[in-house]
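Each remark here refers to the structure printed beneath this line.
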Amino acid sequence: MSTIHEYAELLKQRKLSSVELTKQYLARIEKADAQIGSYITVCSDDALAAAGKADERIAKGEATLLTGIPVGIKDNICTEGITTTCASKMLYNFVPPYDATVTKRLKNEGAVILGKLNMDEFAMGSSTESSYFKKTKNPYDLTRVPGGSSGGSAASVSADLAPYALGSDTGGSIRQPAAFCGNVGLKPTYGLVSRFGLIAFASSLDQIGSFTKDVTDCAIVLNAIAGYDKMDSTSVDADKTDYTKALGLPLKGMKVGVPKQYLESGIQTEIREAVENAIKVYEMLGAECEECSLPLSKFALPAYYLISSAEASSNLARFDGIKYGYRAEEYHGLTDLYEITRSEGFGEEVKRRIMLGTYALSSGYYDAYYKKAQQVRGLIKRDFAACFEKYDVLLTPTTPTTAYKFGEKSDPVAMYMGDICTVAVNIAGLPAISIPAGLDKKGMPIGIQLIANSFDERKLLTAAYAYERETGYEKLRPTVKEVE
Amino acid sequence: MKIEQSQVKYVASLARLRIDEAEQDKWSEQMGAIIEFADQLNELDLHDAESNEQGSTSLYNVFREDERKESFDRDKILFNAPEQYEGCYVVPKIVE
Amino acid sequence: MTFETVIGLEIHAELATKSKIYCSCSTAFGADVNTQTCPICTGMPGVLPVLNKKVVDYAITAGLAMNCEITEYGKQDRKNYFYPDLPKAYQTSQYDLPICKNGYLDVEVDGAIKRIGITRIHIEEDAGKLIHDGLRGASLVDYNRCGVPLIEIVTEPDMRSPEEARAFLEKVKSILEYTGVSDCKMQEGSLRCDVNLSVRPLGQKEFGTRTEMKNINSFSAAYRAMVGERQRQIELIEDGGEVVQATRRWDDAKGESFEMRSKEEAHDYRYFPEPDLVPIVVDREWVERIRASLPELPDERKRRYIAELGLPEYDAKLLTASKSISDYFEKTVGLGAPAKAVSNLLMGDISRILHEREMESIPFEPVFLAKAISLYTEQIVSSGALKKIIEALFDEEKEPEEIAKEKGLIQVSDESALIPIIQKILNDNPKAVEELKSGKEKAMGFFVGQAMRASKGSANPQLVNKLVKELLKI
């Protein structure tokens, strides 16, 4: 099934070498990625060099579960010496002189970086359509979007062009594409995984997480990337834990809440059915499922757009053509340099968010928009806290619909509505996971979401693993003609 | 709802973005639609609500020691500079 | 019409930390361009700040030394604007919850003590430097200074004259030096001052429109700028005009100010709390720890010099104005030298020589000064010789006794050596002897002078005086 844990076993038993495994993936990418479009940059030479080193380490018996296993990294996570573009013209040629902390941690494990994955420009979007470089296609149906903003990460794992991938989630950018492409996508608790080296979109919402084929792999990757980082002031110094120990724990007595606001109108029938089916599975496994309420749910989306745009407008102000990246060719004076560089370097959606964010913070509007949104944020956190006094995890759909066709969501507000099941989680800083729950009538993957309280990833993994064991949906794979 | 064109111009200049005359209207409308969407928040009584200004973190007093470490090599730092001259970044002449 | 001047100051002081505020790059002055930077202080994509604890310690120190309340729950905020010296396009500063507030300093002007209110002190990061004459048609940017920690001290508009403002500036400087918070070298840019000035008819309650003046590079330039701006505003109003609220750039060479082009059309900084940093909570314990570690401040020291060392107020005030001079004074006195003598030399000859030679600090150790002084008090050298020895110490740090020997400054205090010399002078000058015997004191000066000449300056004048009287039996 080409999971990390299977490969790790093969590598350990020397039935396979890292170099061979890496070559296999590079060959698959070569053949199929022209169709899928998941990679912006492929690092064949670096990957093979890393694979060689990994093989030496395996031979010495010093391997970890991730040693020698290839990975794809979303192109907003800095990788030293490898172009990191955020899928934007603004950073088309930016080569970071440093590694993100998560990149360092994976390299310390001996991971093999295959390349940088496509995304919505600066992580703003839900379909990867706003990438400056290319569109990524959903491996289940090439006329449909893979989701976003981590569309390349989702598609690459789905089409097995990488055994696993890193992505980032600000309002659902891991979970939504994971649902659209049939993967396991985890957004950890805010502060669990270092943001140092993640090119910022919305600082108080961004988190790095993983795309994996199954829940076991998810736990393995989390072990590697989670943990205190002194370079990130928002990084939490929590007790180190082995997340794989959460797998296989019994569900008896686990209380599962199903917030009714998430199943109100607008949810595709098959998705609603998937959630109802999951309730049955959990009850059968010994959990107690009950309807609960998150009354402020509908305010999460507007609060999210105000907070994220405001922070983004400030985070993206550094892109000015002076220190790195794109610089306008013709300009007369400083203001021209700024305005032309930024207008030519940024795409539509990015400009839209910057304009919105600037407006929300501007003189006279701060109280009406940004401050208000932050107040609502506090209330939403309280909403969740109240639920978690009663429940261990919450169960919801990940998305209101399955993957839609390219160009279908051209109105920005319509696009934003697709985040309705995911953004509240980022607002509250909670961990959440999307797991495969079958296919709809069109053959497109359905995802269901589990949400837990802060730093309760173990409960998520226990519940997700149990569901996976029972249903086997993670085994579904798209057919990618080029490599089948 | 539409955002006033003068507002759009002002916001664009604050953000150092250039909006074509032809597009002014589109921006007015789009921004207006999003703001209208955001105005839903007015349905809530926020009178007593505390502003959750520190986002999702409950941390405080995160510090580092006052230790000097080696800086980055200048060539490494300037590697990405679109224009450089004698170890400096270059911008159009500024009259102060 | 008589006008009253209203002045408020905004002082930026670079903190004397080893590393920058949010990264570990060095804060040392004078390095080659862009050699003290890293991805964090140059605002590269993906980087995050981590606050240097010493910055908070120094800010609290400055606050306590200036009688401020220390904020228990503070935070940092982003101040957003575009300018090439600001790599992130925002400066991380403090907006509504600054670390210190509601303080004051008492300054003395013309014998009167005035209390100047301090509205707030907050921490922020410095920006880089722009170089305008390095390349034609362009400006060059150096980010070495980016991220150097600053405190900004904002005063109430309590000053009513340039003299008061200058006294305040000097007081702040000495406090920052005494506490070690900043080295206050204006010529290196570690202390900067912006002046807010307005005028109003005497008796009017409302403030007049104020202007802000920047580019002030020394305390005397600040004084000139304030005098100049006061005059400009008064003349403008008397001519029927109105003062326009603006930022003006002071040109010290020309002795006038010019309205500046605005950096940002509207100063809409869109402040919001810095999401990459967490709140700063300063509890009572932290404050008391710092309070307990505060060194003796200038006013305390001045009081001690008067009360315990018996120095006059004038001396005490002058000496304590500079921490380095005052420290030097203490060390010298600590080695046994008499306080007034040390004070006189420091305020007199030594200050003069430092100024003449444009030196910042005394190039020889206090022990040498103490030894030189004891040569004088033991009457081994005269007061004139002492001055010569001190001048020589500026050239080379050498044992004062050696210098005295080399330069032939050792006084002859051996009576048996002097008596023949004096006897000869008395024999050669009967008229002067008559004058002295008849009560003319001036004649004594003549004899001392003759004796100095005959001994090539090495005779001890007091001894000559005594011997003349003995020999003449008067």
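Labels for the chains are A, B and C, by order of writing; each one numbers its residues from 1.
In this text, a contact is a pair of C-beta atoms (placed from the backbone, for glycine too) under 8 Å apart; a residue touches a chain by one contact, two chains touch by 3 or more.
Source: prediction; values computed, not measured.
In terms of C-beta pairs in contact, A-B outnumbers the other of A-B and A-C. Central chain assignment: B. Criterion: smallest distance from chain C-alpha mean to the mean of all protein C-alpha atoms. Rounded to a whole number, the gap between the C-alpha centres of chain B and chain C is 40 angstrom.
One inter-chain figure worth recording: chain A and chain B are separated by 23 Å, centre to centre, where each centre is the mean of the chain's CA atoms.
Centre-to-centre, using mean CA coordinates, chain A is 57 Å away from chain C.
Of all residues in chain C, those touching 2 or more other chains are 39, 42, 50-51, 82, 84, 141, 266, 268, 270, 275, 277-278, listed in ascending order. Residues of chain A in contact with two or more other chains: 94, 97, 203-204, 230, 233-234, 317, 320, 322-324, 334, 338, 358, 362. The set of chain B residues that touch two or more partner chains comprises 10, 14, 16, 53-55, 57, 59, 62, 64, 72, 77, 89-92, 94.
Against chain A, the residues of chain C that register as touching in their complex are 39, 42-51, 78, 80, 82, 84, 87-90, 141, 266, 268, 270-272, 275-278. Contact residues on chain C toward chain B in their complex (touch as defined above): 17-19, 24-27, 32-39, 42, 50-56, 75, 82, 84, 130-132, 134-135, 137-143, 249, 260-261, 265-266, 268, 270, 273, 275, 277-281.
Contacts from chain A toward chain B in the complex involve residues 93-95, 97, 190-191, 203-205, 230, 233-234, 236, 296, 298-299, 301-303, 305-306, 313, 317, 320-327, 331-340, 342-343, 346, 351-352, 354-356, 358-360, 362, 369, 371-379, 381, 412-413, 416, 426-429.
Interface residues of chain B facing chain C in the complex, by the touch rule stated above, are 10, 13-14, 16, 53-55, 57, 59-69, 71-72, 74, 77-78, 85-96. Residues 3, 7-8, 10-12, 14-18, 27, 30-31, 33-35, 37-44, 46, 49-57, 59, 62, 64, 72, 76-77, 79-83, 89-92, 94 of chain B are the ones touching chain A in the complex.
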